[in-house]
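So, here come the structures, one by one.
There are two complexes below, and they share subunit A, which is joined by subunit B in the first and by subunit C in the second.
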Partner chain A sequence: MPLVNEEYGFFVDPQRCIGCRACVGACAECGTHRGRSMIHLDEIDRLASTQTVPTVCMHCEDPICAQVCPADAIKRSEDGVVHSSQKPRCIGCQNCELSCPFGVPIVFSGLEQMLKCDLCYDRTSEGLRPMCATVCPSQALLYAPKVQIEGMRKNKPLREFTIGELHVKTRNAVMVPDTEVPLHLDASLLIAGGF
Partner chain B sequence: MSQLPNSLDELVHTFGPHLNLAPPGGWQDEPEPDKVVKTHCCFCGQQCGIQLKVKDNKVIGFEPWEEFPFNKGKLCPKGVKRYLQGNHPDRLHKALMRGEHGFEEADWEKAMAHVATKIQEVQAKHGPHSFAVLSGVSMSNEKSYLTGKFARLGIGTRNLDYNGRLCMVSAGAGNKRAFGVDRAANPWTDIEKADVIWVQGSNVAECSPITTDYIWRARDRGARLIVVDPRITPIARTADLVLPLKPGSDCALTNGILHLLHKWDLIDWAFVKEHTHGFEDTIAAVKDCTPEWTSEMTGLPVEAIEKAARWWGEAKTSMLLHARGIEHQSKGADNVSSCINIVLATGRIGREGCGYGTITGQGNGQGGREHGHKCDQLPGNRDIENPEHRAHICKVWGCTDEELPHKGVTAQEIVNAIHAGEIKGLMLLCFNPVVSLPNTDFTREAFSKLEFMVGLDFFMSESMHYADVVLPSALQEEDEGTTTSAEGRVIKINKAVDCPGDAKPDWEIMVDLARRLGRGRFFDHFTSSRSIFEELRKASSGGTADYGGITYEKIEKQMGVFWPCPTEDHPGTPRLFEGAKFMHPDGKAKFYPTPWRPAMEVVDADYPVWLTTGRVVFHYLSGTQTRRIGFLVEQCPHPYLEIHPRLAERYGLQEGDAVEIESRRGSMVLPAKLVTTIRPDTVFIPYHWSSKLAANQLTARHLDPVSKIPEYKVSAVRIRKTTPDRFSPELAELQRMAFEARSNQPNIPEQVF
Partner chain C sequence: MGLLQRMELHPRPLVRAALTTAGVAGLVALGSRGGRWLDPALLGYLLATLFATFGIAYRYWDWVDRPPTWMYFRHTLKTLMSPKGFTAFFKMGKAATDQIVLQRFIEKRSLKRWGAHFLLSWGCLLGFAITIPLVFGWVRFTSAGLDATRYQAWVMGVPAFTFPLDSLIATVTFHALDIAAVMVIAGCALSFIRRHQDEGDTATQRTDLDLMPLLLLIAVSVTGIMLTVSEAYLQGRNFHTIAYLHELTVILLLLSLPFGKLFHIVQRPAQIGVKLYKEQGEAEGRVPCKACGAPFIRANQRRDLEELWNRLDLKGATHAGGRFHHLDLCPRCKRRLVAKSQSKRLGGGFDPFHGMPLPTEPIPDATTWSSK
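Now for the complex of A and B:
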């Protein structure tokens, strides 16, 4: 059974991310874009924290990348998946790269085409989970039935974002804790005596 | 003579590390695999299930194995890219012997004959025990078992030890003392059911990444996580309580916790009275470990210590997990015992969601030590000096008690004896002491003194540079066998591809050598890994690590079998100590007093900064495999010095500055990496690299008196800012290699979609 359906959701839970880049490495193993990873993994501020955040395509309901594409090369299928640009149409102009509020699309030089996460269409259509969410050791990237996850995890899924003047609704969710997560960790504040 | 046969540059030029960047045939095509083999990752004691895709006798990629219950498809980056260790330009295909121009490819028969002759020569000249064997637990149970038998009956030496001496021996010693058995007490599924999880000295997210998800599943239920480590590691980032203690102060903390549990009457008295010994002595030993004393020893605030004790004491269910952070110390075994003491005091062990475990580091760290190559053990976790245990093994092996050597010395002590000229010959397999033992210069000096050294490995490790003969052995995926994971789960490694060229599985090489040494009668019946496993079953039978009822078929059917499993109709034992039945003869557990003592080296005016060493998620142990995989090198090409900005400020250091770190053993220059996630009195260096980039240039040969593990986690150093021209050329070369990996733009097919 194809796993791109209403039941299943993709959840990004940065609180759990351990920065191991298994997702980045595994993405590049996929059949449709061999050797190229579509995942961004950022250290937020290594001086102050070990916090890392994976970014995959959020699959917007009304994707900005498609709106700004002058060649109409970016399509969203009925199941809500926003696909890589269509090669015959894509002119490599980078509008999509520049406009995406999450910074997802990559126009690969030499290829002159934008590629991005397509929820591992080749895998999900065969009933397999996306590669990154399958391997992620801490399940910071998670692909699972929504009902199961939304009841199980303490963090809550967020599918609407306001970024500057943009308001976007997305197919994928970011898991948000109900308490504030400290972004600055300082061992010198956790020890006895001064230094 | 085991001087280097060529310059280091020439050796690296010929044998690597070079990078493997892409699967066989490149990224262009996605070939349909001929077969997909269900097996396990070779990196680390988690032993994740993985499927290897094979085409034309080459591993071309992987597919997650979602049905395997431990990891359910999850993999860390090492697992994802593990397949690139195959089909590698550095892979050894032919035997190598030293000739006029350094290592030269040699005829297999000639190399083997030479090895046998030299072993006999060394032993004839200097005695049977002058030839030592050092081996490693990345090897399967079958190979580990055979190594033990080969060293003792093939070569006839008592001097055999293994690289688990740098890994699991403190845990093993502490576990045997307390429980009479050496295995994690619980299956990992118990972690999910714990209300409090206490992680001490274990960088879980980087060294056992899959365990992270088990911990989070508990936290989803509301469990509290306490992490004890001088650094705020990725698992500690979101922990409910972080205790960044001074390096080497672990048992001061756990002694202090026990003191408070007793003071606040959070002891499970019924459990302690019925099921344990030694509580009074242990409590007496912590009488003076008040929170104030504990704070002074550990550098932790009194309130944090009290909060930890309160949470631990009042928990209904709990798991305590530790790893090398507390074990790599000159009181490693005592640190382990002090952790076990707070588990036993609360009686929370041997039931669902309640228990304790050490997290095994090496691939087969658990199984390897049970069956073979530990200097004081015989198969089944038996004691080599126990007459009954010896008699059982003599019977299985068909030898006399006189033919079975007694206890030898441990890994570091073997190298010490080589340095002292007492041991003259060495067989080294699957172990890279030049990187992994403390005081690198000393190890190199020792190896230079050997009269003869033979090495078995698949890549030319830095230690193999000293060999007279190198015999190419098998990668994990080139042979079948079993390993035993951190959980005590025996699993099946399946063969994916054949060995390339003349390379052979290590067991085949040893069986052949045994025949040449005139000891074929003990080895002739070994024709396959399976035949070795069948003997292992008999040899382990009746021991604590009893594999008697485990078969290859049963492992595959059950997706692993937890030992002990004495009979074929026995399902195995996922959780030990159910009903508080421990494995000492009287069925009780033992408290063990751990009075405080400092590390062998402490900071002083000359060397005022603590140094601790450890791993990163992208590399495995001495890096022989992972420093050859492009993606992993790209993520972390070289070591660095982690330093708190407040300490850095004192030395005028900024991010990326060259900093010289000097201990009483040696010095090195690394780039500074400023992080607030480490204690400001402590610096950290990851240890996966060799030569001028080896962290072990700085560490000392200080051993735990019981476990003989070196004190990697506590050294005293001084640091000073220096100039970038002092960086080793190796650092620049590694940065170049990382750039090469990053800019390896694959030749994408013309039309993708």
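Now for the complex of A and C:
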């Protein structure tokens, strides 16, 4: 049975990441990426902290990457998965890479193609979990039934984000203590003392 | 609600498509000398081609009208019309040789894919290049006067050249479509093998979009070759039945062109315009990220993307009280921002160094330490 359905969810919890890079290695094994890792593992603030953050595609409900694509090459399937650009159409313009609110897509300029996390569609469509979630030892990346997460974690899944006045809804969730207010992405957090 | 709205059709592309089709019909009338040189056996093909022209033109103009597509289309037109247009035209020609003729970017994706695509695409284009002039009455062949051993080629009603029937040029001319058909069948076979072996393609391919066009191309090519086999080796047995079958498959292919995967044949040249856009952006320089200071986005694309976001009603995505846009953050800083925002919501709880003062001097990196 395919695991890309309403029952299952992807839960991202950067606070659990231990920076082991197992997800990076495993992601490259996915058949739809052909040896290229689509996971980003970044240090948040190298001078101040050892903390790392794994980033997978959040699979937006109305993906901005698809809206800004001039070739109409990025499609969201009925199961809510936003796929890599369609090979015959993608013209490698980088609009998607530069417009994604979460910094996910990667455009390979020699290939004239954008590749991104597609929830390991070759696996999830056959009843297997995504590679990264399979190997993550601390469950910073967790693919599990939505009903299970309530009992597993103190924090709750949040699928809404705001950037200024822009509202973004996603399929994948970030774990936070309360879900009443969307997660506000405020760039002043990136610089000590704000702007 | 009007009929156009119910059918989700847009008036502007409809008008442009009608004008494009009328233009092609005009060229058919002109090239065939008012229809005098049209081959009655090919009239079915002609009607299907005109329908496909309308469908492809509608979809093309509708696609160009999309705000992100128009962003690049407008830029390419502006550059070609500017004083730099002549240089730009040559640059585009060079890029087209690499990207469209040799298809080098597909070779970089995979050698198997390139082999299959090269055979398929050039087989199809060769087929179109031969059949369209024949169907439109632009090219035709007759006996050269009373000499039964020579053929006369006519282009737009004007005698072009003659050639003997037993020459190499005659063999190539009469069998060029067979050569195209063999190329298409080989390309389709390689595509099927690759699709069967590739786990990623097996998971994401769709029967209607990915497999049906290949099956249709094989049907067209096989029935086309069967015509030659019937004529050359079977004394014309079942020739008319095969001819009708071939016509049916070709008409199906033509009618499917605007709706299916093969539409990318007319979309793909946009890649050349994007090359030009990127080159001009590099000359203008890259704008640094507002958070980390690393240059990352070409100045022209930064300007055009904000305009595009506004046209798409993606307004208000700003930071620091509107002082800068979310587009001013590099992809890495956007990813860091999600974690920082989660950390803030958690009260900084997950950062073991939260609250500790930052070091005042830069920490030497690992290589400096090991060398001491």
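Structural remarks
By definition in this document, the second predicted complex is superposed on the first by the 174 of 195 C-alpha atoms of A that agree within 3 Å, B and C clash if a C-alpha of one lies under 4 Å from a C-alpha of the other, contacts with A are read in each partner's own complex, and residues count from 1 in each chain.
Basically, a contact is a pair of C-beta atoms (placed from the backbone, for glycine too) under 8 Å apart; a residue touches a chain by one contact, two chains touch by 3 or more.
Keep in mind the model is a prediction, meaning the values are calculated, not measured.
In the superposition on chain A, A:Q113 makes contact with both subunit B and subunit C. In the superposed pair of complexes, A:A26 makes contact with subunit B only, with no contact to subunit C. When the shared chain is aligned, subunit C comes close enough to touch A:T55, but subunit B does not.
By the document's definition of touching, of the two partners only subunit C reaches A:I163; subunit B does not. Judged by the number of subunit A residues each one touches, C leads among subunit B and subunit C. In the superposition on chain A, A:I191 makes contact with both subunit B and subunit C.
Of the two partner chains placed by the overlay, only subunit B lies in contact with A:K154; subunit C stays clear of it. In the superposition on chain A, contact is made by A:R36 with subunit B only, not with subunit C. Touch criterion met: A:Q15 reaches subunit B and subunit C at once. Touch criterion met: A:S138 reaches subunit B, while subunit C stays clear of it.
Residues 15-16, 31-34, 47-51, 83, 87, 110-111, 113, 184-188, 190-192, 195 of subunit A are contacted both by subunit B in one complex and by subunit C in the other.
Across the complex, subunit B is touched by residues 15-16, 18-22, 24-26, 28-29, 31-36, 46-52, 83-87, 108, 110-111, 113, 115, 129, 131, 134-139, 152-154, 181, 184-188, 190-193, 195 of subunit A. Across the interface of their complex, subunit A is touched by residues 63, 66, 68-69, 71-72, 99, 105, 108-110, 198-200, 202-204, 261, 264, 267-268, 270-271, 274, 277-278, 290-292, 297, 301, 305, 308-309, 312, 314-320, 322-324, 326-327, 329-346, 349-353, 356, 358-359, 362-363 of subunit C. Looking at the complex, you find that subunit A touches subunit C at residues 14-16, 30-34, 40, 42, 44-45, 47-51, 53, 55, 64, 67-72, 83, 87-89, 91-95, 97-104, 110-113, 118, 121-122, 125-126, 155, 161, 163-166, 174-178, 183-192, 194-195.
Residues 22, 27-28, 30, 61-62, 64, 66, 73-77, 79-81, 205-206, 209-210, 212-213, 216, 219-220, 222, 230-235, 237-238, 242-244, 295-296, 298-302, 304, 617-618, 631, 635, 644-647, 655, 673-681, 744-746, 748, 751-753 of subunit B touch subunit A in their complex.
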